[in-house]
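There are two complexes below, and they share chain A, which is joined by chain B in the first and by chain C in the second.
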Partner chain A sequence: MTAPQNPITRAIWDGTLPIKFSLDSTEAAALGAKAIVEPYFIEAPRCSYFPLWTSQIRKYFVDMALNFIGDDAEIWYDVDGTPLKWHYPIGLLYDLHTGYRPDSNSPPPLPWPVTVHFKNFPADKLIKAQAIDATQDFFMSMIKEADFLRNGSTKKVMNLSKNDQTQLWDGLWSKNYDRFWSVNYRLVINDGQMPKNVPMRIYLPDNCPVIQEPISPVDENGNQLTLGDVLHQVLPELFPSPLPSENASASPVPVIHGIIPQLEIPIVWASQNLCYPDNFLHIVVLLGI
Partner chain B sequence: MALPDHYPFLTRNEFDIAAKLFIEQSKRSSDEEPWTWVEHEKVKGFGYICRKSLVKRITPVNFVILENDFTQIDDEIFEEEDLNSLPTVPVSDEYFTVDYHIIYSTSYKVPVLYFNAYNSDGTLLTNDEIYSNLVHPLKHNDIKTAGFNGAISQQDHPTLLIPFYYLHPCETATLMTSIFMAVLLRAYH
Partner chain C sequence: MSSANNDPTLLHSSSTSSLNTSLAENTTQTPQTPLNPAAILEKYKGKKDPNKVVVRFRAIGNAPILKQPFFKITASNKFQVVIQFLRNQLNYKASDPLFLYVNSAFSPAPDEIVSNLHKCFSTDGHLIINYCTSAAWG
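Coming up: the complex of A and B.
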């Protein structure tokens, strides 16, 4: 089954990030690596998740004589000492942890350097779970939550056939756009009905809690709100106006999929076209340069 | 009886008011630690209530006794013991600490129970240990088969951003409606 043609969702689906995985050097010695182990490079879809790459990364390092017989769930990743939440999409983690502003003059920090760990899982900071199955559960519970936000119930997702539910995850896992979007399209378009709330999360710097307020896509008169309206409503101090600031580079910007979207786009349109496969619009707010 | 406009769904403000009233109530019950209100250190609007409990570990020896107790106690899943009446065996082996947090879900618009259970050395209890120690044996099957992957799983704590176990909130509204119906019925008779 093919999905309806949409060049935007297609471009987002095809978006990738080159990542450089290096071994933690003290761990490498403890795990019997005798020489310096060369890093491993992959080009991962922004919409993918780290646990889907773990077995491939593990195989590379074990083939390089790393002595590791533990479970895949023991393997974790960090950037500059901060453990990466494996249940966030890879593109979101990159935007969040590099803090790279696409409008800056410096080149992006690519390939993205990520450290792989085979020991000392930080259970106080990261959810410990059986790698791929747990990722699927997280993914499906996000889709369910998005449905609840849109409709006040999870009926649309729960009423999907078992086959369609499986197809969402399988499509993502196997990087099959048509498989995923032919089902996801029905959820995101919401049978043409205006959603009650837009499934979205806003990420701020400095370990602030993730902001997830109920966001109505229309004002009290039924007019559609723009992305700028919503940011102004939720974060009035960072976005004192719903319109772009004149001094753009000194002002905070929203980043989605590594780009700065126009503030004038309707929030419903943003939700339907720019959401991650988990149905959420994940917006990273970066402060002025 | 006054109810919030959209009960069983609550606004964050209604949750805050109810939670603070609940804290006052918990202070009046003498035998347990009262609940307390906690705010995020920097950002407003992420408050929640919490309470620590010391819970006796269920071992194969005392399991049978506890299982019998379960059938007699309707709404308490396990007994929390008075700290002063601890037995002479070392606390570290017999008891573990449970950190209960009740947090408002902005998506589901209901209170959500988050919890973590720690051994005396600070390590977390495993998923299996949580089921055997904190969940009524007769409910294991219902809870493990609810939703996509059981009703109890790990999630980031919305305020602290660290892993916590939580009871999935998608059926909480239904539960809250049934509690209110029970209260109404009792008032009626």
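Coming up: the complex of A and C.
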């Protein structure tokens, strides 16, 4: 089965990040690693999730004589001391935690240095997975939450056959674009109906609470709202105008999938083309350079 | 003398009064003095919604019914607090299976914020949480 051709969703799907996984040095010693353990490198899709890589990462470090017999769910990741939420897509975590502005003059911090932990799971900061397929459950729940925002019910997801529902997750972890998008486009296109609300979340730096509100894609006269309109509506102080600021590099910008989208794009178009596989538009707002 | 040169307000002293008037009228449209984004961020960071929202619990299947199903919960809390609260009400241990859904539709992540859920999904001002002892809408 092939998905409708869309170069944008394809490019986002193919987007990857080189990541460098290093062991926490004190943990490594406690877990019997005798020498300095070389880091492990992967190139992970931005749309993927850390737990999908855990068994591979675990195998590498255990093969390097790390003594670990615990459950995969014990393994967690951090960046500069901040635990990474495993139920967020990797690309979102990168944009959020590096705070890297694609329009800056400095090179991106790649490969992205991430620390792997095999001990001391921070249960106060991260959700402890109760089951092996927790990532899939969280992912499907996000898709249903998105559907509820669009339609006021989860009828569109629930009307998918069991096979099609499974295909969403299977397509994601097996990195099969056609498998995933042949089902997902039916959800994001919403049978051609204007959604009630756009499934989106906005992330600000410095651990500000995540912003999620009902965002109508049209104004009271039925005119389509742009990304700039929505940012201006939700964060009027950071986006005093729906239009781009003249002093671009000094102004806050939205970042999605490591790019700064134009503020003039209709929010519905952004939702359909730039959403993550969980159907949400995850927008990281970065302040001026 | 030198401090006067560094004071930007003095450069426009002749038009100060008219500028102030237009600022007062147009603050929402085009602020003349951009606010410091870092200061704005501080505001958002500390923005703990002190309001409480009404959560209504509804049992599904053989889950025990609460005598009093309405509760007020602080909006800035994470959904984890709602889960824990319900467990306490039911006297459930951490190992007892309990599944929570919003509007019989989806299961929010424990780190989602109650005020966000309330803004997006409440019905007649109530955030309706269905709960059961086995997965219902997986």
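Going forward, the second predicted complex is superposed on the first by the 286 of 289 C-alpha atoms of A that agree within 3 Å, B and C clash if a C-alpha of one lies under 4 Å from a C-alpha of the other, contacts with A are read in each partner's own complex, and residues count from 1 in each chain.
Please note the rule applied: contacts are C-beta pairs under 8 Å (C-beta built on N, C-alpha and C of every residue); 3 or more make two chains touch, one makes a residue touch a chain.
In this text the structure is predicted, and so the values were computed from the model without any measurement.
S.K.: Kindly classify A:Ala29 by the partners it touches after superposition: chain B alone (first), chain C alone (second), both, or neither?
M.R.: In the superposition, A:Ala29 contacts neither chain B nor chain C.
S.K.: Could you say whether A:Pro209 touches chain B, chain C, both of them, or neither, answering first, second, both or neither?
M.R.: In the superposed model, A:Pro209 contacts both chain B and chain C.
S.K.: With both complexes overlaid on chain A, does A:Ala11 touch chain B (first), chain C (second), both or neither?
M.R.: neither
S.K.: Using the superposition described at the top, determine whether chain B or chain C touches more residues of chain A.
M.R.: Here the partner covering more residues of chain A is C.
S.K.: Could you tell me if A:Ala129 is touching chain B, chain C, both of them or neither one (first, second, both, neither)?
M.R.: first
S.K.: Who does A:Pro240 touch here: chain B (first), chain C (second), both, or neither?
M.R.: second
S.K.: Quick check for you: in the superposed arrangement, does A:Met194 touch first (chain B), second (chain C), both or neither?
M.R.: neither
S.K.: Where on chain A do chain B and chain C both make contact?
M.R.: 85, 87, 127, 137, 140-141, 144-145, 148-149, 154, 206-210, 212-214
S.K.: In their shared complex, at which residues does chain A touch chain B?
M.R.: That would be residues 85, 87, 123-129, 133, 137, 140-141, 144-145, 148-149, 154, 206-210, 212-214 of chain A.
S.K.: Taking the touch rule as given, give the residues of chain A at its contact with chain C in the complex, in rising order.
M.R.: 85, 87, 127, 137-138, 140-142, 144-145, 148-149, 153-154, 158, 197, 204-214, 236-238, 240-241, 251-252, 287-288
S.K.: Please give the residue numbers of chain B that touch chain A in the complex, ascending.
M.R.: These residues of chain B touch chain A: 40, 42-43, 46, 106-109, 123-124, 147-149, 153-156, 158-159, 161-163, 168, 170.
S.K.: Please give the residue numbers of chain C that touch chain A in the complex, ascending.
M.R.: Interface residues on the chain C side: 28, 30-31, 34-35, 37-38, 40-41, 43-45, 47, 76, 102-103, 105-113, 116, 119-121, 137-138.
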